[in-house]
Amino acid sequence: MRQSIRIALLSGGVCLVGTTTLAQVNVGITVSQTGPAAALGIPQKNSVAQLPKEIAGQKVDYVVLDDATDPTKAVANARKMIAENKIDYLIGSSATPATMALVDVAAETKTPYCAMVPSKAVVDPVDEKRKWTFKAPQNDAIMAESLAEHMAANGVKSVAFLGFTDGYGQGWLEEVEKAMPAKGIKITAVERFQRTDTSVTGQVLKILASSPDAVLIAASGTVAVMPQKTIKEQGYNKPIYQTHGVGTMDFVRVGGKDVDGTVFPAGPVVVADLLPDSHPSKKVGLEYIKAYEANNKTPFAVFGAHLADCMSIAANSVKPALEKGKPGTAEFRSGLRDAIETTKELPATHGVYNYSPTDHAGLDNRSRVLIKIVNGKWTLLP
Amino acid sequence: MKEFSSAPLLWIAVMLGFAALPILPGVPDFWITLWDYIGIYSLVAIGLVLLTGVGGMTSFGQAAFVGFGAYVTAVLTSHFGWSPWLTLPASLCVTGLAAFVLGLPTVRLSGHYLPLGTIAWGICVFYLFGNTEALGRFDGISGLPPFTLGPISLIDSRAAFYLIWCCVLLAIVLSGNLLDSRMGRAIRALRGGTQAAESFGVRTAQAKLTVFIYAALLAGLSGWLYAHVQRAVSPSPFGLHAGIEYLLMAVLGGSGHVLGGVFGAAVVAILKDHLQSLLPKLIGADGNFETIVFGVLMVVILQFARQGLWPFALKLLPAPKPRRIEQSAAPLPRRAVPEVGSPLLQVEKARKVFGGLVAVNDVSFNVKAGEIVGLIGPNGAGKSTTFNLLTGVLRATSGSILYRGQEIAGRPARDVAALGVARTFQHVKLIGRMSVLENVAIGAHLRGSSGVLSSMLLLDREEEERLLREAAMQIERVGLKEHMHKPAASLALGQQRIVEIARALCLDPALLLLDEPAAGLRFGEKQELAALLSQLRSEGMSVLLVEHDMDFVMNLTDHLVVLDFGEKIAEGAPASVSADPVVLEAYLGGVE
Amino acid sequence: MNSTIALFLLQDGVINGAIYALLGVTLVLIFAVTRVIFVPQGEFAAWGALTLASLESGATPGTALLLVVLGVSAAVVETIRERASMRPARLGVMAVRDVAMPIALLLIVSTIAPTKPALWLSVLLTLALVVPLGPLVYRLAFQPIADATVLTLFIAAIGVHFAMIGLGLIFFGAEGFRNEPFIAGVFPLGPLMFKGQSLVILAATAALLAALWFFFEHSMLGKALRATAINRLGARLVGIPTRATGRIAFALAAAIGALSGTLIGSLTTISYDSGFIISLKGFVAAIAAGLASYPVTVVAAIGVGVLESFAAFFASAYKEVIVFSLIIPLLIWRSLVTAHHDEEEE
């Protein structure tokens, strides 16, 4: 046993020690390349290659680990990168539970941390614990409100909700329950389904029995097609709304004509080419897409852009932080945090960031556009 | 302390070295973090070793109990502001309760239904966690307080290390003590099927539930630690995939050994960590290959090391010292021997019907105290069925079976055993991995009384010495003294039958039921067995035996009962029965 | 809830149940012949659907390459294992069957795929790619431990499941796919609307079940499989090679799995990890039938489908809880029926 422990420990050491180098900015990224959030984690991982290699004269090094959508693994990854790679900035993970767990790790180790999930609870309220955490994606609230506005403007008086039985569906449900009544829209039914379900007929029948003016499906990726198809098959021809989770071309590819007419909110990067030239996200967004598609030979997915935004936020703050200390020191990290908190009018792929000591979500209404699918193409709604 | 008894000095050195890890200069932080996780996983794996490797119940749902432990402390500390230390009893209580509720149906499942059942409730519990508002639904609860010790916070992985590994050490010691006790033997006997254990008075359903709850409590303890080390809980670490991974740890380590659980947890955690950095370099492509490597590894290990990896490590260690038999231990009290010649067993028109088939048709016979009765007949005559009616394995359709004047027809096997009826089995039912001594000591189960707690705390040692001395005495009596400390499986089949007789004698029976005791014995061994049985008879014991070997029966028995096609066709002294034309017809014309 | 809704739910449940039935029957088949509780059966279904989707989109599916890798591995492993008794003839068979044929198939598929072949050709190619994976999985994972306990085989099956999930993610990516329906369109029947594909599923399930029945009752091979199921040793004694029966059982399983995958692929979105939960539900049915009776499995599978459909209507968030918590009483009942069969020691 002793022997085996020693061997295990020694072999562990060989791999772990030696990766530590100083005088460069180290960024640690943990994403879910496998497990239920793989559809988010893979484009995020694929975006790493295009991140800046040098910021403010400092070499930047990235460590990427997979957490398999497991919060335990995500925390272990973060601790590993903090201990072994001396990271100055932490980014991750792809799903909310893991992200919530990382908030504590960031606070404990005083590492500035950028979250890539929309859940508001990650950065709200900004207290001792959340002081080190900043969030790149839009709050679900921003997205939900934009949908509520669109519905109200188009005479929708009632809506039924069909969402994932997981953190994504839950986050949306909470915001929808606030945003819809605020616009006088009644929620007629709330139903849930699994990512792996082969049929949602039961849920759809129940929803349609409540005769809503519109249906909102809160699901992500291609899985979101199936409920919409089922609804259409039941002869329902009123508006169907989706969430920003369907902001990938895969959704249109799989959905075909069944998803024509769908309205969903999204970050501006999704339709970067359609944005007016005046939009602050147009330039950054197009650059991101170009680099992504050149690196990966696959169409970009919206989730990866959050990673790019996380880096934009940090890149903008490295220079002031360098005045506080050298990379790898506690002074640098705390300087980086302080600098990020003062970020003003920073254009990025998903919007314009303005952080403050009381707001670590940073985005406003410029961070969302409404998209309608027309003839298999995304069109920008005014 | 049995786990460490083989080389105490070596183990002390290992433990000291291990304890020094966090304070040694130059030990990277992440090693300690990794070992913290290994400790947390180990607790679950140790529970699984007891449940799966020892008790024979495979659970894929262990992660659910980790969840109960973790969620209870998460709710109490975050919503109600309790200190993490105060929540431990609550965590364990709730986990224990959940285990009791889930265990009641689960332990009644047989064969592969049991693991499937654990998969079913494993999935249910996951969704219940995820759909419960108070538990934060799928996002869970975060921002849990770390452990604190006075002013010192155990937030640092080096500090938490000691807390975690103290728990693991405690679990190892308690589990080792439990296994090496009266209840432990009962639990280990479960692997050999419930029939044998029940025949010696073990309440198998209760023993199964006990080990099930114990394993769950270890998982709950692990969950309690997890919640405050991770400082966030959400459903996904408590789902089915986590449950599968825990089982993998137990199986990989060696599901029969407590330390194998720890070993398995360490191998899995270290391997996972290394594969993540190694594989992309080896394969030269990005992507996640760990799952694949893990799956393949699991299959390969089952192909080449079905007992897990720990037995290989054990080979490097000195062999454990054989159990010392305390010759001075007070002998166990004996049962009053019935007066020779008094009626002991009266079978009156016993009948057993399976569907439309009458297997035993109104058979009647008697066994008097101090005589050896043979039950013979061609194959399919109903001998074994009759035997099972007597021992409570089967319930008679009608008729009565009186033992010392008491009705025993329809009473469960363990009640019959408690009255002083001991048996052996036609197909030997010993636990191959247990020593002969331990196997035989199961026979004395009803002559002891210590329970789970007293054995874990070593309060049962005096009784334990008496039980083991009794077992050793019976082994000596049947002439297997030199095999006492060998695993039962290493003995020849004939010898194993004799071990079964020693186990039966340990019950201190007044009536011994032997199912083909001479099968597989060599001539000399048969003579020894006959001498042993004659001696037992002279001590006032009664024996009823089913046997095929005519010479053996003719020379030994006082009385023969002959069955054919479920009916008694003859009865009487051996000499008269062997001359009976009906018996000859049955045997010569029979299937034999 | 009115009767129309009830009918709709019933219809939906029966169609899902038909898929569960196919998987459940396969699980019973594999268990009976090899005693393996084959958890990854659902992966064959997912791979069937995803292989078809790759072909439809003009790409060479990863399963083609996997077939080569597994074929070569099986040949190498078996050559090493049986080096003492290996005859040249067998080496030749393996070289052709396990090495040459998969490579040929890979070449054919990578030539045809970019031309986006017709649906029937794609389905044929899918079967040609996925079916041989069944026996290969059996040879590599289970054949060497064919005599182990049910539990050991079960754990090995879970290992195979992990490996297949990981491979699926690499081959097909994390996003889901959807196939073209065999028959597009919707047919009204009374108040109900039947999707063409639903009818195809029902018809295909019925046909497959009938074919299985015919196979087991009337073909020599089927009888051999049944004999093995009843008594392995006895079957071996009368000259039925149990190794071969294991392979055949797995080939059948892969074929039925792949076919059910191509069937549901157009009804729902299938991704690399869709298979597990589908096969778990097939399991519930197989367990209800005591992993022994085919007709009971089919009835139970349809029962599961219908139950699930109604549970989705009444309490969608707790659907899985309802379906899986109902297994436990079922298991207790099975345990009582088959008492005293747990006397298994390793």
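Things to note:
A, B and C are the chain letters, set down in written order, and residue numbers restart from 1 in every chain.
Heads up, the rule we're going with is that a contact is a pair of C-beta atoms (placed from the backbone, for glycine too) under 8 Å apart; a residue touches a chain by one contact, two chains touch by 3 or more.
Please read these numbers as outputs of a predicted model, since none were measured by experiment.
Just to note, of A-C and B-C, the chains joined by more C-beta pairs in contact are B-C.
At the far end from chain B, in terms of centres built from Cα atoms, lies A. Between the Cα centres of chain A and chain B there is a gap of 50 Å. Centres computed as Cα averages put chain B at a distance of 35 Å from chain C. Multi-chain contact residues of chain A (touching two or more other chains): 34, 36, 165. Looking at chain B, residues 127, 131, 287-288, 290-291 sit in touch with two or more other chains. For chain C, residues that reach two or more other chains under the stated contact definition are 166, 169, 317, 320. If you check the complex, the residues on chain C that touch chain B are 37, 140-141, 144-145, 148, 150-152, 154-156, 158-167, 169-170, 280, 283-284, 287, 291, 317-318, 320-321, 324-325, 327-329, 331-332, 334-335, 338-346. Note for the complex: chain B touches chain A at residues 10, 13-14, 17-18, 21, 28-31, 33-34, 37, 127, 130-131, 137-140, 142-144, 146, 155, 157, 226, 230-232, 234-237, 242, 259, 263, 266, 270, 273-274, 276-278, 286-288, 290-291, 313, 316-317. Chain B contributes residues 58, 105-106, 108-117, 119-121, 123-124, 127-128, 131, 191-195, 244, 247-248, 251, 287-292, 294-299, 302-303, 306, 429, 431-432 to its touches with chain C in the complex.
Interface residues of chain A facing chain C in the complex, by the touch rule stated above, are 34, 36, 38-39, 41-42, 165, 191-194, 196-203, 205-206, 209, 221-223, 225-226, 233-235, 248, 250, 254. Those residues of chain C that touch chain A in the shared complex are 1, 5, 8-9, 12, 15-16, 19, 166, 169, 173-178, 186, 193, 195, 264, 267-269, 271, 273-274, 276-278, 308-314, 316-317, 319-320.
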